[in-house]
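Letters A, B, C and D name the chains as they come in the text, with residue numbers starting at 1 for each one.
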């Protein structure tokens, strides 16, 4: 395993130390692991907090800062963080206006964030949790743990972070996050696997001429393993699936702060159609350089244009990765003028910065 | 009178740590087949922490120890299994009242409360190819053995036998919960890592009790 | 060869098309290839222009925009661009205050930019060219084409771009660029090779347990091929070599606008020492994720701190890459207050953005 | 009278394009050993452009054609060899005055002017393992053969022989210019790609002339 690491057990600690050194505007706690704004907590602002397994950098730590996340909780590589981290991070970042957890839909993340939500509630801090599940590659969602949370996470963190900075209260932030999730769809593919340091060998194996369509960000299997295709073909296929995916429905748990218990609720996706304005993310899985992503963006833009769909804003680069995996994902989020305003609002984090 | 005394509870938890370390690679390999190849690392990391805390628990009532173990697992295992084993031990702890250890009655209650907590937190039932498929038959077997009036070693033997059968049965099941569910039909034919770690956890209790009272 | 491409011959054109679609603030000419600001030329501002072989993205196209480059000329992958591109780009970007070419020291780039300089001069446009040669891995520089231009290019483009925006004239910009180059030192390493699409096979071969220290950005051989080492060891070695490299001297050609001919001049590096404030770049060769770079940054910061050297600013990420090569490079540029002011000045490009 | 007429000049340039395409892989492989594995692609791309332009040059004086070729190579080869071959043809063109083609005297002047231009642009001399090591002996041989009063075929034969020897001699040399110089001692033992393409370029002229006047 050729990686820029020292001992396997020190990987996470040392990377966080390096990140804190490189970004004095952040502060990193090493026990338990969490990252907050050095100038936080921001009084009177909802603390938008996310977290998940490490290995997806810059997500989430790279999105902590003005106009985006108040804190991030990195777990071990590809392993959910734990409730104690979330609790400590929330307490450190809470500015008196409550805490919103943005949770990618993986069993581990869901269960740990649910536990943290209950613990935070017991501490008397207003809390809500919103699930993100935008990966349309999961088709048999009734018989699985449901769609996975992928690229939409980055975009939702940005927009809800801006809303929190603009004065949205906890319930407004939560409802914006929930709506955004219903307007978000993604799909990924891999050219190569990645190696989790603790395992030392590739998570899966792809032959020299193969690619996997619908891969998850931890190497979860996708829809299909196919021989290599030109980027135009793969991009057109994935874009079409994203645009045509309608009516996905899921039951989510929401925290009822009065009852101090979970309430179930069914939520159905908002369809895409002609005339929509999108925020587009063309994301590298980590090992694919940005030059190749531009070829993806080119075809994505063509397919969208043919269908009368505008790409109003975009991000092209490594934003939610799988270690050094080669491949890409596409995320489309249906925008509105309000959403675009929040998107354009100033943001100052290690990985996303504009307007400041 | 306690059938499993406080020292034996500590020995059990220590044996769990050893078992998870011994079977770390096996659990991770099982997880590699259907999930993300970290279950062995997660469990070994978690029980290692537990082992490190045991010295401080010497002499404490079993219920208190199990509650502390719940918190340790919750904060160190991570992944799906962390909060699930955390809930298991948390609710199991509540079933143990005595100052000296655990009676067979309490043992049966513990196992029931534990698996019920996992079901609730995980929103899962038996047959979904999870740790529940080992924990549920183990709880049922404990209840039956105790009402049959068996002694602690016999109860534990039934528990281990039932957990083993449940664990092995997961090979045939299709996963519908957790990460393995993304494999769909492809999950069939592989044994569930969580059911396997549950089996080792229960087996560790049987081991330390038979070591103390060799038949 | 598993890449996100269509036909090998279309790679560059399609990537540029995608880039132009994703960044409407840029405009891309496809024949000949060059990228300019859509709102250019900026009247009265020196046009800072760079270029080089493609495959190092985001360099240089990703650095075109407010406060940085006025234009970039991408060549074929790992092949210098040609004088006609440079001439057209310069004419399109020239705002009446002259053109400064920033040239990485590779024979191809040097000869093509020299030709372009002569042509531009013949067109009556004031022009100067400054060489960048910061790669200290090249030791036998008397018997080679000299040190190569690598990471310092990014930092010099930013700073000189800011100086041009602040009103520096052509000679001031050129002299700032020249001074910056004498205050810049870099070194790189590779864990894996990359594949040039036109070749379809790895440029070089490294065994599973090997790494190459001192690699160039086109896979030029470095100092040494060694068995894998922990990141701390490699980083300490490279940092020490950079800090201790003194007195490098080279003969450069400068364009004499009055004589209409080249004049030779000898330039000697400015040494690093205790008390210096640095701008640091920890750069991914393309396939190494940012998480691993933070481990490099951590050790770099430790070594510098031990020697009383401060890292005043930093960039950590893929800024000057070699396609999908895995590995990293370190660049240190000795700053001054003026230099830091130019560094902090607003910049708005696809790959570098702050203050706006 | 022109020893090489304008049509033959066009045929030569076309033959150059074919030679570069035919030897593209070989040139790239040579460049892979000491440089960056693009010389074959660069030369094939450049002369392909030249070939595409030839139709438009029909009937033009050789000097004008060579000048246009210089511009085409300059803007399409890229890398180090682009401006070098560009300069070569640019200065070579200036040595050709006649409206009908090239005399052997002019041929010798052309080759001299060409290699001098390469030396100046590249700041290089013979013995540095570059195209100069093929072009310089070729120019010297041309001069000698012409002053010996040889006919065009004999002159070309000497040119090709000298270029070949120079090209082969580069195997023994250590590169001190261009990308190959980074290989230092390791460059020894490999033939220089630029010297090789220069040889093929000159050989193409010999080929088309002998094809027209088989001995």
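Simple rule for what comes next: contacts are C-beta pairs under 8 Å (C-beta built on N, C-alpha and C of every residue); 3 or more make two chains touch, one makes a residue touch a chain.
All values derive from a computational prediction rather than experimental measurement.
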Touching both chain A and chain D (chains): C
Distance-maximising chain from chain A - centres being C-alpha averages: D
Centre-to-centre distance between chain B and chain A (centres being mean Cα positions), rounded to whole Å: 32
Distance from chain C to chain B - Cα centre to Cα centre, in angstrom: 57
Residues of chain C touching at least two other chains: none
Contacting residues of chain B [partner chain A, same complex]: 28, 32, 36-38, 41-42, 45, 71, 74-84, 86-87, 121-122, 174, 176-179, 181-184, 186
Chain C - residues contacting chain D, complex: 32, 53, 75-76, 78-85, 106-108, 111-112, 114-115, 138, 140, 143-145, 148, 196, 198-199, 203, 216, 218-221
Residue numbers on chain C that touch chain A, as the complex places them: 2-7, 11, 14-19, 21-22, 54-55, 57-58, 62, 191-192, 208-209, 211, 228, 230-232, 234, 282, 286-299, 301, 311, 314, 316, 318, 321, 323-324, 326, 328, 348, 350-351, 353-356
